[in-house]
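Read through the structures below before going on.
Two complexes are shown next, each including chain A; its partner changes from chain B in the first to chain C in the second.
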Partner chain A sequence: MADAATRPLRIRSRATAELPRILCIAGFVIFVLVPLYWMVVTSIKPTSDYLALPPVWFPAEPTIVHYTAALFSYRGLDGLTNSIIIASASTVLSTVFGTLMAYSMARFNTGSGHLAFWVLSQRFLPPVATALPLFLMFRSWHLYDTHVGLIIVYTVMTLPLSVWMMYAYFRQLPRSLEDAALVDGLSRWQALWMVAVPLAAPGIVAAAVFVFVAVWTEFFFALVLTSRYAFTLPTVFRAFLGFQGAQYGEACALATTSLVPSIVLGILVQRHLVRGLTLGALRG
Partner chain B sequence: MTQYIGSGGAAPALGRRQEAGLSAWAERYFRWLIALPALLLILALSVYPLLFSLWVNFVNYDFDIPGHDFVGLQNFVDVVSDPNARSALVVTAVLSVINVAIEFVLGLSLALAMAKTFRGRTLIMSILIVPLFISPVIVGQSWALFLERPFGPANYILGEILRHPVNISWLTESPWYYVAIIIADVWQWTPFMFVVLLAGLAAIPPNLYEAAELDALSTWATFFYITIPQLAPVILLAITFRLLDAVRLFDVIFMMTGGGPGTATYTVSFYLYQVGFQQFHLGVATAGSWIFLVLLSVVIWILVRRLLRAEKS
Partner chain C sequence: MAGVRISGLHKRFAGVHAVRGIDLDIPDGEFTVLVGPSGCGKSTLLRTIAGLEDADAGTVAIGDEIVNGVRPRDRDVAMVFQDYALYPHMTVFGNISLSLRARGRPKAEIETRVARVADLLGIVNLLGRYPRQLSGGQRQRVAIGRAIVRNPRVFLFDEPLSNLDAQLRDEMRGEIKRLHQDISTTMIYVTHDQIEAMTLADRIVLMREGWIEQQGAPLDLYEQPATMFVAGFLGSPQMNFLRGRIVRSGEGAAVRFDGEDTSLVLPPGRERKGLSDGAEVIVGLRPEHARRGVGVEPVPGVVRTEAAIELLQPTGSRSYATFRLAGQPVLAELQAHDVSRPGERIPIDLDLRRAAIFDPQSGKAL
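Right, the complex of A and B next:
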């Protein structure tokens, strides 16, 4: 009797608890996907579908003309090439130098915490504060609008990220293996390269991916420090400002091209996401 | 031998002492040698430019006027007396607080909703974090495309839901341009709050919830007396990180409104970009960026001190 009375009640209370949960998740998934889908679908839409009402969600005749136009007529391909060169080079530099400094701080307590916090504070510096003097310095050093100039700037910009991610990683790793290597007569350099680095490889890969994504998506320094030659992919979007001539398809094609690599990389290192977002302050 | 282990690299191992010279020296200063490249890079490209800009503050550095004469505080006077600068500061502060507040509430709800495991959770996680890996330039551009008429479907969708025609010019009509900017920012950064808070939720010891269940605490009481206090340090961390990025707001403004209509959506970064890199009053822009830096340092000092205190307790 009591069972029969309580059972439907309990089911209903669980259902009312579950419904907001499901609505919350579903609502946000839709919110995330709809503008992305609209962008991707616009990139393959024929021009005649642009202003159709109701909006065209599934173009009957998909086309790739916008991709070829965006890449070749709007110099998207040059931007893409520059982005690949600049992001790869600064990723290697930032990850190598960042890992080395992190190892020094984690194993030898170099700078006893002050150095670590000084590096962290660099992360919170607004880009506009360093961009103004860098612009003036780069013009007199002939680094303005060069690949090398932007690579150096991005290396420095991402060092707090790579240092702190690796600092947190090394502190988690036991040092006993490195100590054993030193007892066996290896030098500190050998202990680092032959023992610590292979052990920290997953962390190094994750740090490298976060650095790459940060550089790949950066806009402000590229806007200010380049013009006709070393411009990166995000700066190409200036061509579509105000959408004069209604280059919707071209803008969307370029955006789709640009976001695929960073999303794929990002999802691959999902496991390290919390560490990447909080610079190792939170383990996740 | 063991006494040398972990001694900070100052003492080389006994057997190696004979092979003096370069390798011994490298071994002795190992900890500094490996920290040096990163240290030098930061000093050369972050600290030195800031010191250089300290000098720019007090001289004429304007592409319209030749020479770099000492002008005293004129650059600061110019920027403080500019009404655009003041309104940019207000817009930045208000937009940052609104953005971070909305992102926090949505992120926390989403984290609570996603805390339990269920079928398809991994896939949904992958979808929810996608905005974090997209350039803010593209976020601004795709929301502009999605919202602005006549091309964007937003007005049509709203019209279908509300069952009467909607005709909003999202990027040029007050107050909708603020709403459009907030939507784009919330879209991109709610996942940040969500991911960080979810990690915080996962770290709460489950026996606290078991105790609450034994004491027959209601869902709300459990939330306010267990979840929120336990989560407090992570909340502070998430808000600190997010707020310090939110005040830089530039890319979305650049792509969506271009600071307009007029100067209505100028943020500090956008204002400084206009003054420095479009009008080339570099001295004035530098002075403005230093004022911004000092104001920001106060915020950082308050938040980070709280953060450290929360971590200790």
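Right, the complex of A and C next:
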């Protein structure tokens, strides 16, 4: 009887306990989404609505004029194309080399930990320290303002990231799976390709996404090592802060455009980012 | 099919000398069980035969061919792993057929052979499932199927049953034994479970600290252990060890216990020449050789004593009873109704014809 009497009270107290959590989540969602919304809505606002008071939450007459200006007049489309080429190529290269290196370090203890630390230590170096030498080298090797030049820089720059993410992943893959593959008649390469890589796919995909995003948003090397031809999307944004003041509409239009590939990529790989593929492979 | 010959094999891992000069000759078609406590080097030995570890010294030959330096895939051995090592991203069919696919066999042949193996192991209805959808026993069957699908020269089993529950383990043990009877390929089986070793093996190789302590037919090892270690390792419950001193009188000999009146007169044939008067010895007596005494007089070689039962552990078919002999605990395997309650005094016959006698210093049988 006592149980029946206390039950409604308990339900109410559970709802009360949930309330702060719900408020926190709601606050966080607003914090994240409002700037995004403001960016998207500004990109379709007429110029007069940018800084209007009270703020215009949705323009009466949406326009795409900022998009055409940003993409064509400011060469945003060229920057977008360059960014897609450079980021994709760097991601593929960094992931392939990173996978091989991480596998070697994880399975054969290549470099016995010193190599792993050395790879990580590459991230300690401030980009400024390498920018000038790179600029001079690239100019004399005809790599300045080329896709290849930036792809090399970005591949090297992101390799520590991909190696370390995959190193951790390969290390926790059970060795016996590859042993079984070797005894089953696979070569080491086949064992890597047919067993280790599919099982490490979530780790590899996660590393690839991180590399892509890092390259996609990189500004400093792109600024120093390109000019009129191989420039990437982030460098285009410089043009929106000029003598005439800030071009909010164009900046927001290009920013919105630059979000699209990341979002598409995120949706495509989301499935692979879910871990736990190895569950059930080994002992029950 | 082929035998395996190992000569002077050594293997070290960062500071650990895991295998210390093993010589072993396994004839074609034999079921050999490598058994020993963990860390005795049995798994390392097996992995070296598979080619997953390189020998530091010595040779491994499969058939007539020395395979040191030969890649695992070219040794034509199949291995079943302790954790099954099924490829989680492949179906049961994919798991079993991988070795055939890797060797580029025609599709029709692959399907026929996988179907035959699946039929043999009763897993036909599982071929489309993934390992995570299988129970422990089913996974074990798939792992065995993966090994037998390509008729290797030698089968290697690395503690394949240790992850199964007791009932399933008994069942799979029977199936592995039957499998060997059916295909009679050389099998090398690693386990730390002495019951598995006794039931499966044509020959047991008992290892300790990287050495072979003793090898032979299961019953030979059980009945004539070369060392105390072997005697203690094989048999459950463990052999009783009683510390005493040899007293010789004329032709005969007896074991006396310090500060006690009790003495065990050794039967003719057991009073070995090596047993000098006053020598310290350890008498090894298996629980089944201590029985409740019945009748007036025991046969020669059997010593009757009377003792109070301290602890009684019924198992249903048998009851394990602990009593003291000259102050030392002894476990006896009695019939279920031989003793009704602890504290009861009963006559107990110790069959010394079957007892082993060890040197306490070297641990070797005398």
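Just so we're on the same page, the second predicted complex is superposed on the first by the 221 of 284 C-alpha atoms of A that agree within 3 Å, B and C clash if a C-alpha of one lies under 4 Å from a C-alpha of the other, contacts with A are read in each partner's own complex, and residues count from 1 in each chain.
We take it that contacts are C-beta pairs under 8 Å (C-beta built on N, C-alpha and C of every residue); 3 or more make two chains touch, one makes a residue touch a chain.
These numbers were taken from a predicted model, which means no experiment stands behind them.
**Q** Based on the superposed arrangement, let me know which partner A:Thr257 touches: chain B (first), chain C (second), both, or neither?
**A** In the superposed model, A:Thr257 contacts neither chain B nor chain C.
**Q** Tell me which partner A:Pro198 touches in the superposition: chain B (first), chain C (second), both or neither.
**A** It touches chain C, and chain B stays clear.
**Q** Have a look at where A:Leu53 lands relative to chain B and chain C in the superposition and call it first, second, both or neither.
**A** First partner only, chain B.
**Q** Residues of chain A touched by chain B versus by chain C: which partner has the larger set?
**A** B
**Q** Looking at A:Thr91, would you say it contacts chain B, chain C, both, or neither? Reply first, second, both or neither.
**A** neither
**Q** Name the contact category of A:Ser83: first (chain B only), second (chain C only), both, or neither.
**A** A:Ser83 contacts neither chain B nor chain C.
**Q** Between chain B (first) and chain C (second), which, if any, makes contact with A:Asp179: first, second, both or neither?
**A** The answer is both, since A:Asp179 touches chain B and chain C.
**Q** Looking at the overlay, what does A:Gln190 touch: chain B (first), chain C (second), both, or neither?
**A** It touches chain C, and chain B stays clear.
**Q** Who does A:Gln247 touch here: chain B (first), chain C (second), both, or neither?
**A** Neither chain B nor chain C is touched by A:Gln247.
**Q** Overlap of the chain B and chain C footprints on chain A, residue-wise?
**A** On chain A, the residues that contact chain B in one structure and chain C in the other are 179, 182-183, 185, 187, 277-278, 281-284.
**Q** In the complex, go through chain C and note every residue touching chain A.
**A** Within the complex, chain C touches chain A at residues 47, 50-52, 71-73, 77-79, 81-89, 98-99, 102-103, 130-136, 139, 146, 150, 156, 163.
**Q** Quick one: which bits of chain A touch chain C in the complex? Just the residue numbers, please.
**A** Residues of chain A touching chain C: 174, 176-177, 179-187, 190, 194-195, 198-199, 277-284.
**Q** Would you pull the chain B residues touching chain A in the complex into a rising list?
**A** That would be residues 1-2, 4-6, 8-9, 13, 15-16, 23, 26-27, 30-32, 34-35, 37-39, 41-42, 44-46, 49-50, 52-53, 56, 61, 106, 109-110, 112-114, 124-138, 141-146, 148, 150-151, 153, 156, 187, 190-192, 195-196, 199-200, 219, 234, 237-238, 241, 244, 247-248, 250-251, 254-255, 258, 268-269, 272-273, 276-277, 282, 285-286, 289-290, 292-293, 296, 300 of chain B.
**Q** Give the list of chain A residues in touch with chain B in this complex.
**A** Residues 17, 20-22, 24-25, 28-29, 31-36, 38-39, 42, 50-51, 53-55, 97-98, 100-101, 103-105, 107-111, 115, 119, 121-122, 124-130, 132-137, 152-153, 155-156, 159, 163, 175, 179, 182-183, 185, 187-189, 192, 213, 216-220, 223-224, 234, 237, 240-243, 246, 248, 251-252, 255, 258-259, 262-263, 265-267, 270, 273-274, 277-278, 281-284 of chain A touch chain B in their complex.
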